[in-house]
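One chain, chain A, links the two complexes that follow: it is found with chain B in the first and with chain C in the second.
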Partner chain A sequence: MKITGVEFFLFLSLTIILFYSIQKTRYQWLVLLTSSLCFFALSTGIITVLHLLFVSLIAWKSALWVENFKDDKAKARITFAAISLVVLGLIILKYIGIKRCLISFGMTDTSDFVNYFLAPIGISYYSLSLIGYILEVFWGNYKAEKNYLRIVLFAGFFPQLTSGPIVRFEETGKELGKQIDFDHKRILFGFYRIIWGLFKKMVIADRSAIFVTSVYTSPDQCSGAVVAFSIIMFALQLYADFSGCMDIIFGASECFGIALPINFNSPFFSETVSEFWDRWHITMGRWFRDFTLYPLLKSSFAQKYKKALTDKLGKKAAKKITTYTFMLVVWILIGIWHGGEAKYLVASGLLPGFYLISGQQLSGFFEKMTKVLRINTSSFLWHLFRKIRTFLCLCSSWVFIRAAGVKEGLVVLGEIFRTKNSPGSFNEQVLSQGLTVWDFVVLAFGVLSLFGIAHFRERGIDARNSIMKLNPAVQFIIVLCAIFLVIIAGIYGPGYSATEFIYKQF
Partner chain B sequence: MSREEVFERLTNVFREVFDDESIVLNDTTTSDDIEDWDSFEHINLIVAIEEEFSFKIPMGKTVTLKNVGEMVDLILTIA
Partner chain C sequence: MRNNKRYRWIYLFFIFVVVFVSLYIALSYVMRPVTMYRNTIQGLYAEKSDSLDVVCIGGSSTSTFWEPYEAWKRWGMTSYDLSTDSMTPSLIKYLMIETLKTQKPRLFVVDLRAIDVREEDKSYYTEASIRLVTDSMRYSLNRHNAIRYSIGIEEPTHVNDLSLYLDLIKYHSNWQTITRDNFFYAFSNIKSYYKGFNIYKEQYHTSLEMNDFSSVDRREPLSEETEQILIDVLEYCRENNLEVLFVVNPFWQKSDITKARYNYVSDLISQYGYTFLNANDYYKEMDIDFSHDFYNHDHVNIYGADKYTLFLGEYIADNYDISDKRDDKMYSYWNEEYAEWKKAADLQKSEIDLAISKE
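Right after this comes the complex of A and B.
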């Protein structure tokens, strides 16, 4: 079930009706649990529900055992075993693939099994959420949840099953148990966000995708400028796609009075790659920082490594090299989490890690250069330069996400600089990639809307709050226009179903 | 160990980690008040505090400390 499809909105509406029809009772959250399991079964098959139930059982039981045991070593062993089981499930179902596993066990006809055991949607997201829960109980951040079904809902709350966010039990798990009274403003608020998400996905992302796909299919047929333009268009597609998906997820959750943790915060306003990762896919960055980087850096192994370096290179250098070494390990893990293929390792791991480390390492040099060149570092142009520089760094790494592989990504980058025999003017080439002038007008409007809303949000002005303050008739007209815009200007794939979200594959 | 003593030793740790002799701490000091105090430097700070006060800060506390005041309270509780 796609979250841009009619079936999803019928499913969501039905769940909202059921949810509020039993308001003021203790059982409201059970509606969300039942709907989530139904959504899961309808999306990837009933057998995969078992995986969610199984890993939730591991997390729930191990956390309770950890809390009851007195011996620290026993607690650590249980935590390690539980996390290993969750990770093993993730590796088998997502990375190795159940088909290859069955073949390795000597099974030749695997089709029936494969159909039942497709990698469950959202497996990467709920697996990380559950690992976070196990670790936080082990660290004593909060008490273990006694009700197993609440853990299942925390991991499998249906809006977040598509593309996250990666949630933490302390914030989202407890939100999911609250009793929520019906308030039409809440539904309206959620609805506005869903419309905004659909606009981003169907009008901007899917439109950009047509151009990007065409250029990436035969980059050798396009001039360097057109290839460079397609790389920038892919950045727009990726952002509109992922953040649009998040808006639909957040909007759907808001209808139930559940505020999920923020995942995007105007990322293209970042002036450094480090700042970008504090604004893009925030819950993933936070998860890897808190549950992998920090424990690794605090480990006795890291301290021994730092001490050995201190003896040779001095305290300052040792501190930096230790941090960078483990940051690189974490960036590789992030790359593996994104898909395990070499291209994801480069695009989501090694390149961002390289930019981040080199950015930190060279910050002193840049500071000196600005003084030597007498650059006014508080000027608008300087800030704009830093934003564009960061954006271009990211574009260069995202080439590998879009390309079929690392080699193909390098070919696309190389095509920017290769001299070619007059492939036509820039305008002619751009308009021969499947989009018309009208499409580019719509895209320009979309980009202006994205930046306009992000610009106001940076200044603490929320578009939805502003709309809610307007006269109801004006609100109605705005919403109607937005719906028509999505219907008229949206791009519809084969069979009138929107194309898949890029981040759903992770 | 008195609160003042903890503050004094903690200030020295901060000055060494962030290589800034002008740092002055109070209860409400947060990462927003010290330029280089980002998520990466945070863990170096935690490790330096552990070395200075000879104890281990629980992993859970590493990410939940909100300001220097909470840090001092934690040191007084554990050390």
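Right after this comes the complex of A and C.
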């Protein structure tokens, strides 16, 4: 079930009606649970529901055992076993694939069997959420949940199954248990965000995708400037796609009065790569920081490693190298989580890790340079320069996400600088990639809207709150215009190939 | 107090839905492409209420054969070709229903060429065969039923069901190319150029040899689905006491199986008390010349259309009670429009003559 499809919105509407029809609000969460399981079954088949139920059972039971046991070693063993089982499921279903597993066991005709075991939708997201829950209980950060079904809902709450966010039980678990009275403003608020998400996805991301796909299919046919333009367009596509999807998910959740943790915070306003990762896919960054980087740095192995380095290089250098080593490990894990292929390892792991570490390492040098060159670091142009520099660094890594592989990504980057006789001027080449002048006008409007709204948000002005304060008649017109803008300018229907959300595959 | 507030929002939501649906429909009409098919289908809505004596339904074998203005000139009957190219027979019944919303025709003439086409190649009728008609119809329950029935019967490949019902899904990207005409078609009733008759440019002449299978008397049963389509039409006509003449117009037949199929069709139609006229049994009476009167194997040129209209018009005038309206002032606009038609038809004839002289 695509979350931009009519089916999803019918499903959501039905769930909202049922949710608010329940007289005893303490049972509302059961409506969400039932809907989530139905959504799961309708999206990837009824068999895959079993995986969600199974990993939720592991998380629920292991957390209860950990809480009841007094022996620390036993607690650690249970936690390790539970996490291993969840990770094993993720590796088999998502990364190796059930088909390859069966073939390795000597089965040849696997087609019928495999059809029942598609990777469940959102497996990467709910697996990480459950691992986080198991670890938090093990560390004693909060108490284990006694009700198994609440853990199932925490992991499988249907809006977040498509592209996250990666949630924490102390935040979202409590949100999902709230009793909510009907309030039209809440529905409207959620609805506005859904429309905004659809605009980003269908009008901006999918329109950019036409151009990007055309150039990436044959970069050798385009001039360097057009290839460079397509790399920037892909950054736009990726952001509009992922954040658009998040807006739909957040909007749908808000209709039930559930606030999910923020996942994007105007990432293109970042002035360093480090800042960017605090603003982009925030819940993923937070998860890997809290559940892999910090535990790794605190581990006895890291301490021994650091001590060994201290003896040779001194305390300061040893601390830095230890941190960077484990940061690199975490970035590789992030790359693996994104898909396991070499290109994801480079695009989402190694390159961002490299930029982050080198940025931190060279920060002192840059500071000195600005003083030597007498640059006014509080000027608008300096801030703009830093934002553009960060953006271009990220664009260079995202090339590998869009390209078929690492080698193809390098070819695309190489095409920017290669001298060739491309047919036609820049404008002619740009307009021969499947988009018209009007499409670029729409894209320009889309980009202005994106940056305009982000700009106001940075200054504490929320567009939705501003709209809600307007006269109902004006709101009415704004909503209608927004809906029809998506209906008319959106890329969908016969003639266009529907584009899946990029982050849905992770 | 709280309940009142809730009801207020329910009312507002209801108003929102009404406005949204109205705008959606209006936009659908604007975005639909302006084609000769739209001109034909929407042209029916532009005809004065209860002004048509005869409505001819079928595919291109209707719109290139029956000349409404010639029938007017000769017998004073008002008629209309409600047809699009490659129209699936599954839409016949629904076009009758659509006609009856604004007209009370004395007679429906249903062309059954599609029956033979469907029997020859079941996959001939595609999504486009449905779209050419339904994408020009007004949103209504009848349109919905027509689509549902056609999808069920034809099972066209690669069909996007929802976009057939809500055609804005298909045509929304037309915003980049719409012209003033799109708005005219969306918000006013544009008359059909020649009452549904199509004059195709560059389609002038082909020389064929006549294959006459009129003596074939064997019966070739139809496939279950094709027969069901025909039965559904016949039952609808009988239930609603409609006067209907089923016809097949002249075309180049490659074998006797076509005639055998129509013999079977004839039997089926007579079981329901209706008449079936296979014009392929009357080449001599029509004086049709296969070396001159066709532009391809399946279609006559305007010379052939003249002969067919004369033949069928006489049959209708002789067998159905249709009054002559040529002196009726209410219908004087037909005379004015005839002049336009005559000019276009004469021009087409001169083009055909030129094409023949060059061969």
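Here, the second predicted complex is superposed on the first by the 496 of 506 C-alpha atoms of A that agree within 3 Å, B and C clash if a C-alpha of one lies under 4 Å from a C-alpha of the other, contacts with A are read in each partner's own complex, and residues count from 1 in each chain.
Quick note on the criterion: a contact is a pair of C-beta atoms (placed from the backbone, for glycine too) under 8 Å apart; a residue touches a chain by one contact, two chains touch by 3 or more.
All figures in this text were calculated on a predicted structure; none of them were measured in a lab.
Overlaying the two complexes via chain A leaves chain B and chain C side by side, clear of any clash.
In the superposition on chain A, A:290 contacts chain B only, with no contact to chain C. Contact with neither chain B nor chain C is seen for A:17 once the two complexes are overlaid on the shared chain. Chain centres taken from Cα atoms put the angle at chain A, between chain B and chain C, at 160 degrees to the nearest 10. In the superposition on chain A, A:489 makes contact with chain C only, while chain B stays out of contact range. Within the superposed three-chain model, A:274 lies in touch with chain B and out of touch with chain C [touch as defined at top]. In the superposed pair of complexes, A:182 makes contact with chain C only, with no contact to chain B.
In the superposition on chain A, contact of A:369 is made with neither chain B nor chain C. Once the two complexes are overlaid on the shared chain, A:140 sits against chain B while remaining clear of chain C. The gap separating chain B from chain C at its narrowest, counted between C-alpha atoms of the superposed chains, is 41 angstrom. When the two complexes are superposed on chain A, none of the residues of chain A touches both chain B and chain C.
Residue ranges of chain C in contact with chain A, taken from their complex: 6, 9, 12, 16, 19-20, 23-24, 27, 31, 160, 162-163, 168-170, 172-173, 175-176. Residue ranges on chain B touching chain A, taken from their complex, read 19, 38-40, 43-44, 46-47, 58-60, 62-64. Within the complex formed with chain B, the chain A residues making contact are 135-136, 139-141, 274, 278, 289-290, 293-295, 297-298, 303, 316, 319, 323, 327, 360. Chain A meets chain C in the complex at residues 6, 182, 184, 436, 438-439, 472, 476, 479-480, 483-484, 487-496.
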